[in-house]
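The following pair of complexes shares a single chain, chain A, combined with chain B in the former and chain C in the latter.
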Partner chain A sequence: MALRELASLEKYLGLKKPNKYSTQGDKKVPVLQNNNAPPLVGLVTIACHLAKEAKRPELLGDGAEGRAVVQQWLEYRVTKLDGHAKEDTRSILKDLNLYLQDKVYLAGNQFTLADVLMYYGIHAIVLDLAVQEKEQYVNVARWFDHIQHHPGVRHHLPPVVVLRNRLYTSRHH
Partner chain B sequence: MTKEEVNGATEDEQQAQSKKALKKQQKEAEKAAKKAEKQAKLAAEQQSADEDDFAKDRYGLSAMVQSQQKLDRVLVRVQDLTPEKVDQLIWLRARVHTSRAKGKQCFLVLRQQQFNVQALVAVGDRASKQMVKFAANITKESIVDVEAMVRKVEQKIESCSQQDVELHIERIFVISQAEPRLPLQLEDAVRPDGEGEEEGRATVNQDTRLDNRVIDLRTTTSQAIFRLQSGVCQLFRDTLTNKGFVEIQTPKIISAASEGGANVFTVSYFKSSAYLAQSPQLYKQMCICADFDKVFCVGPVFRAEDSNTHRHLTEFVGLDIEMAFNYHYHEVIESITDTMVQIFKGLRDNFQTEIQTVNKQFPSEPFKFLEPTLRLEYTEALAMLREAGVEMGDEDDLSTPNEKLLGRLVKEKYDTDFYVLDKYPLAVRPFYTMPDPTNPKYSNSYDMFMRGEEILSGAQRIHDAQLLTERAQHHQIDLEKIKSYIDSFRYGAPPHGGGGIGLERVCMLYLGLHNVRQTSMFPRDPKRLTP
Partner chain C sequence: MELFVGEGNPHCLKVLAALEVTGVQCGVQFINHEEKVVPFLSRPALPALLLPSRQHLFSPNTICRYMFELNGPESSNQCNQWLEWEATVLQPVLFRALHMAVLQGKGSEVAKVLQGPLNVLDQSLGKGSTTYLTGEALSVADVVLWGALHPVLSDSSLALSAHQSVKAWFDRVAAVRGCQSAAQKVLQGKGLEAMRSYMQKQPAPQSSQGRDAQPCNS
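Take a look at the complex of A and B:
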């Protein structure tokens, strides 16, 4: 899973030569073997490295605050989202929905690596949502739809239909 | 601590305790003595009071009404207590909804069906102290006969349906006394979900309501629901009669299942067995073959499906229509949809009070419909669903969630809660359904939906014995068992179609309720056979 994600990320970043990855441990943590440097371990570490290699430092956030927010969401992705218990799905969506209420991207107005990796990570959840639930987590759905249409991001993942019209407008029924 | 010390302590304690106990006993004895004294005093007072109760003929428990006398008394209806009746002395029979005594006065709320009025017994030259006390002690839900003066009130009484007047009671007699403890409180049973939660007020759950249905049916909400339901039946009959339909009665004990054998009740019938009819399908069709042209039928329908959902009952009231048409089965669709529209209009125009009453407890949006009714084809519906991200095969039947979603999509696009879905895949319909002439995978069949839930299933039926036999064989139905049915088409049968509606579902969905048991007076489901 993580390896396909990294391959898609490479394509998005426009890296010409695809890297070779291996995995380590039961949790299949991705490992990038570097020719003239020690190996890099972990999804976020490798992803940040790829962004630097592609000379796209802005994807890691602008300014100290921006960079911190991006790191925070990257961490959220691998600690909270990955391998979360099924009963936590609702609370994750609820929190994210509240957070995204006044934001275009996770880091505010700027598209970053956090958006890409959160999109990859949450895709399976959003794919399973019923139309009514997507409407319930409307901010998540809006952000998700925006990211999946961001040029070059989607790659290995199927598109998810997000309706623009509200169907369940009233509280009742 | 040493052992001795411990012992000492306990001894002390015991002593203290016994001292305490002694004191307690003494106190109790004193109390009892006081109580007895008080009671004696009270009784004495009562006696003397009874003796000089000037109003003792004005109240009391009435002898059981055994039709021993024909009184010339006119009993006024609660709903007729308007300002026009002010300063008139009237008689009234009603239930005691609530009573509240306050010093020399006792306020009663008297209820008759969904209407109620405030009444007052106050100590004065018409009522004695004892009479007020008697009124205050009448148990809730008792039935009383009351003679009272109608008086105008200065401030509207918000809690009652008759807001402009109150009754000053001059006589009050209990006709039927209710037991003091009710299995459920009417106020709790009409409380909207979530309201009064902070005050820790209870709501009554569905099973408790149904277990004590007689009391639950007295609530304003239930009264309104079943008055509206009666209206649906009447509007159905009136509309169809005006269209030249004939009402028929069909047997409910039948020899063969009409639509697949799985979900029928078997009853023992002397030395063999019989089934309870799943629909009057075969009989209404036979009536068409017998030249009745347009028929309808209102009666019980049985389904032995073991499904415990919000919208399934094992016995419900079917409103069935069958009619011969000239050239195209859309004539039938138009006739049925027009009937439905007439019902919706009739409810909207004549049952607004009932709708509002139900809405108070179960809020919902007003029911919307178009004229003429929207008709979608199955393929169009599939396209709409696919556009919303639903993956479905061309010939798959609609699942319940998809049905509901489609209802939402249709509401959003066309702003209607009522529509027809036409041209179902042949594979998902019963054997007597006429195949579509242009595409044999589809059929001339349709469902009708209210608020995204199916209320009617219908189709053009096969009126050709040969084709009917083929389709029955295709569905692996024992031809012997349906011989009389197939034979009825051998001697000239007009093209015809029809459909069946579930009365309870129509009421539930029209009112935007969430459970079909709410619109069934004495619901039957796999787990409930009583009351």
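Take a look at the complex of A and C:
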């Protein structure tokens, strides 16, 4: 799974030469094989490295604070979202929904690597949501829809219909 | 900027050490484990850092990293890799070990539980000839790993002494100004016992319940 994510990320970043990967341990932690440097281990570590390699530092956030907020959500992805217990799904959605209430992206107004990796990580959860749940977590749904339509991001994942046509109220007019 | 921490919470040890080592100007408030600081999180999360922009950081390693980056360069790939390893590999194992040592009175089994990650750390430290994890200068990776391991490595009753390179590195970081005083503030000189009330409020570690068992929430 992580390897497909990294392949999609490479395509999004427009990296011409695909890197060589392997995995480590039971959890299949991705490892980036490097010809002239030690291998890099871990999804977030590798993803940040790829963004720098592609000369897209803005994807890692602006300034120390911006970078910290991006790192915050990258850390959240691999510590809280990955491997979460089934009964925690709702609290994850609830927290994210509240957080995204006044934001376009996870880092505010700027699209970053945090959006990409959180989108990849949460895709399976959103895919499983019933229509009413998508309406309950409307900010998550809006953000998710935004990211899946961001050019070049979706790649290995099927699109999810998350938002009902919001014009349905017009029949009252 | 304001940092919120709780006594006996091992993650708070890391961020206080990072604060003291970097000398970043920041207010510190010790609060109760149940107090809610981050407005959008339904569960209380400590440590938490309120940024000048009024945003909150609520992951310990991100807070530590931010403090180091305020006064220095961005953290290196190697550094990032250790931070990710700490959060995703070491923490789950460490949490299980602390649960056993603090709440179950099974301190004698901790060495076995922690052996895997300590071997990884020991081999890496033994292989290179550098003073610290990522080179000759102390980095955020040293502080985070030192803070995480402090409660178990400084408790002699757990008998975790077989890893020579880890021991030497651990003592070197402990000698860095600010590290010991952070540990003192969080553990109050009471060692593992200081973590009892914090550990009691955490959900039991997953793996001791049999991670492979099929979930049955019918």
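By definition in this document, the second predicted complex is superposed on the first by the 163 of 173 C-alpha atoms of A that agree within 3 Å, B and C clash if a C-alpha of one lies under 4 Å from a C-alpha of the other, contacts with A are read in each partner's own complex, and residues count from 1 in each chain.
Methods note: a contact is a pair of C-beta atoms (placed from the backbone, for glycine too) under 8 Å apart; a residue touches a chain by one contact, two chains touch by 3 or more.
As the structure is a prediction and not an experimental result, all values here were calculated from the model.
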Chain B versus chain C as contact partner of A:130, first or second or both or neither: first
Partner chain in contact with A:40 - chain B first, chain C second, else both or neither: second
Dominant toucher of chain A (residue count), chain B or chain C: C
Touching partner for A:161 - first (chain B), second (chain C), both, neither: first
Which of chain B and chain C A:85 touches, first, second, both or neither: second
Touching partner for A:99 - first (chain B), second (chain C), both, neither: second
Shared contact residues on chain A - chain B and chain C: none
Residue ranges of chain A touching chain C (in the complex, touch as defined): 27, 29, 38, 40-45, 48-49, 64-65, 67-69, 71-72, 75-76, 78-79, 82, 85-87, 91, 94-95, 98-99, 101
Interfacial residue positions of chain A with respect to chain B in the complex: 130-132, 160-161, 163, 165-168, 170, 172-173
Chain A-facing residues of chain C, complex: 39-43, 51-53, 55, 57-59, 61-63, 65-66, 69-70, 74, 77-78, 80-81, 84-85, 87-89, 91, 206, 215, 217
Residue numbers on chain B that touch chain A, as the complex places them: 363-365, 387-389, 401, 405, 408-409, 411-412, 451, 512
